[in-house]
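In what comes next, chain A is part of two complexes: it sits with chain B in the first one and with chain C in the second one.
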Partner chain A sequence: MISSHAKDSFERIFRQAAQSRLTVDPNDVCDITPLARDDENVDSEGDVVVLTISSIEFRLILVLHFKEDSSTRDYYVREGSDASFQEVFLEVCNLCCGAMNQSLHEYFPDLGMSTPYVLHARSVTHLDQLKPAYLASHAVTINGTVQLSATVCVCAYAPIDFVANVSAAQETGGELEFF
Partner chain B sequence: MTKILVVDDSSTVRDEVAGFLRKNGLAVDTAVDGKDGLGKLKATPGIKLVISDVNMPNMDGLTMVEKIRSELANHAVNVVMLTTESSPAMKERGKAAGVKGWIVKPFKGDAVLEAFKKMAS
Partner chain C sequence: MIEQYLLAALGGSAVTAVIALTAHRVSRAKAARAPHVEANAQSDELSAAIARQDSLIELHQQEKRELEAMLDQLRDDLRQQTETAETLRVSLDAASADRDQLAQHADRIANEAQRLKGLGATFERWHEQMISLMTQNKDMHAKNQELSSIVRHVVIVSLNASIEAARAGTAGRGFAVVASEVRALAARSEELSKSYRNSLDLSDLTTTATFQDIQAGGKMIAASLSSVEALANQFQSKLHQATT
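Take a look at the complex of A and B:
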């Protein structure tokens, strides 16, 4: 039900969102490599942050897997901040999914996005039960030290075919639009 | 006297926005969702600007704005939404409720500081 163009578009939209929103500084290096889902690469230990984007045609589930090790904590939590790592990382994930939501709005006007929530990582192994039309996992490495993984799962309720022009997407975040 | 109310369910965003505004000499209070925001607005005269997220538990930001205008009959306070949402339909609902402006996250303080100062004065 999802064309190859659409699968490729979901992939590119995810990559652009991850590179711009999972990094703290625009100059940070973010490497994204595919993970095969039929091997043991998708970690089922620890917690994951889950967000959904829903429309009439599909539901997209973005799962971001994190390890609260010192390099990840030091990267995301500002020095001297009282904030907990999880609270900071939830907002990072919210921004990443929000960027995907903004890109998808170009092609699907009726989208709604959830707030982020935390589940045990074992949940990821059950995504197949949703019979997704597109399911892909990626390893995300930032500056060679921060290691995350991400899974994009799309369940289709109607045929989906679109070609995302992510290279044309403009960085407009942070500007005040007056009404 | 508090002049700006920052409403967001994320403590990270509340700390970032309120911290930036306080560092720039503005008086700020915070609320954790729309319900809390409405209560703080009711209890704190003199708030001139509300900066609010849209998607929050208990009461979302747009419902809060609608209640500010209808239940509190407060048509004077300026409201700016700060959110990941960018859909035209959502913005239209905000506009109809009397939202003054819309910012798509991430927050970039330097880009909006002067406008916030004017709206809070």
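Take a look at the complex of A and C:
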């Protein structure tokens, strides 16, 4: 249902969005490595943020797994800020998914995006129940200290084949207001 | 003598008379012949003039026929032009009516798109119901957690009971059987609690995924309706510009 080109495109669109939106500073180093989706690698501790991008042909579920440890909290919540970690992180996830939505919009004119929702990480172990046509997990490490993981799950309802042109200009683009 | 003179005079007079008569006849003949020639010449000229006139008349008749033919052609052309103008006028009237109808359709499409955008509120309402469902799921998670805690406590109690039954020796055999049964029940309850937790986790995921799909789909539809509304407004505006 999803061509190899399309799978590769979803992967690159995610990487571009994660590198540009999950980091607070554009100069921060963001390493993204693939994770095999087996029981050992699927961390069922902590919470996840779930967002959905819907189109006529597919729905994409972005799951961002986080642990509210001191390094993660200190990275995202700046000193003096009144916002809670969850508020700030939800907005970061919103921007990341919004960047993916914007990239996908070039190939799928009819798209909509949900608001984020927090679930227990155990729920992610059931993603296979949604019968995804594409399911990939990645470990995301920022500046060597902040450990996140992300899962992209695409359920297809029509044949999907596209080649995303993810340019360097987009990767280094400034902050955009998506919502 | 006189007779001779008379005869001579008569003879002279007769000669003179004959000469005069002859001269007179000649003169008359001449006089009679001159108008005849002139009449012939005039007759010729008249014939030539008549011929010219006939020729001119023929020419004029030819020109008249040509002019009449041209006039007929012009009349035909005028009739055709009139018919064409009438057809065009009817077409123009029809086009004007069509344009007005199209403008009304564009207006209706824009209004419908504007009205249907209200569906977004329905999708948001469904999303709020998801929050309500998820709150109930969280409550069930908490209750299941409490049940799991109780079951773990029962396992410990049943283990203690087994130990105490063993200490009591033969007197405690019956109690040991009961303790073992309670432990087995607790183990089954623990399995059931784990299974229930898994079901709740799956329910959390499917509920969230479904309602997020509805919410995102609603935004997709609202965006599409906005595009339809904008296009209908542009179309209406172009029709309005074409009218003015």
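Keep in mind that, in the parts below, the second predicted complex is superposed on the first by the 166 of 179 C-alpha atoms of A that agree within 3 Å, B and C clash if a C-alpha of one lies under 4 Å from a C-alpha of the other, contacts with A are read in each partner's own complex, and residues count from 1 in each chain.
In this section, contacts are C-beta pairs under 8 Å (C-beta built on N, C-alpha and C of every residue); 3 or more make two chains touch, one makes a residue touch a chain.
Remember, predicted model here, so these are calculated numbers, not experimental data.
Asker: Look at A:Ala83 in the shared chain and tell me whether it touches chain B only, chain C only, both, or neither; answer first, second, both or neither.
Answerer: first
Asker: Applying the document's definition of touch, where does A:Glu91 land relative to chain B and chain C: first, second, both, or neither?
Answerer: A:Glu91: touches chain B, not chain C.
Asker: Based on the superposed arrangement, let me know which partner A:Leu111 touches: chain B (first), chain C (second), both, or neither?
Answerer: Both partners.
Asker: Does the superposition put A:His120 against chain B (first), chain C (second), both, or neither?
Answerer: Once the two structures are laid over each other on A, A:His120 reaches chain C alone.
Asker: Taking the superposition on A as described, I'd like to know which of chain B and chain C A:Gln129 touches: first, second, both or neither.
Answerer: Second partner only, chain C.
Asker: Classify the contacts of A:Ile61 with the two partner chains as first (chain B alone), second (chain C alone), both, or neither.
Answerer: Touch status of A:Ile61: second partner only.
Asker: Does any part of chain A touch chain B in one structure and chain C in the other, and if so which residues?
Answerer: Common interface on chain A, chain B vs chain C: 110-111, 113-115.
Asker: So in the complex, the part of chain A that touches chain B is made up of which residues?
Answerer: The touching residues are 21, 81-83, 87-88, 90-91, 94-95, 97-99, 101-102, 105, 109-111, 113-115, 172-179.
Asker: Sort out for me which residues of chain C touch chain A in the complex.
Answerer: 127, 134, 141, 197-198, 201-202, 204-206, 208-209, 212-213, 215-224
Asker: With touch defined as at the start, can you tell me which chain B residues reach chain A in the complex?
Answerer: 9-13, 15, 55-57, 80, 83-89, 91, 94-95, 99-108, 111-112, 115
Asker: Which stretch or stretches of chain A touch chain C in the complex?
Answerer: Of all residues in chain A, those touching chain C are 50-56, 59, 61, 110-115, 117, 119-120, 122-127, 129-130.
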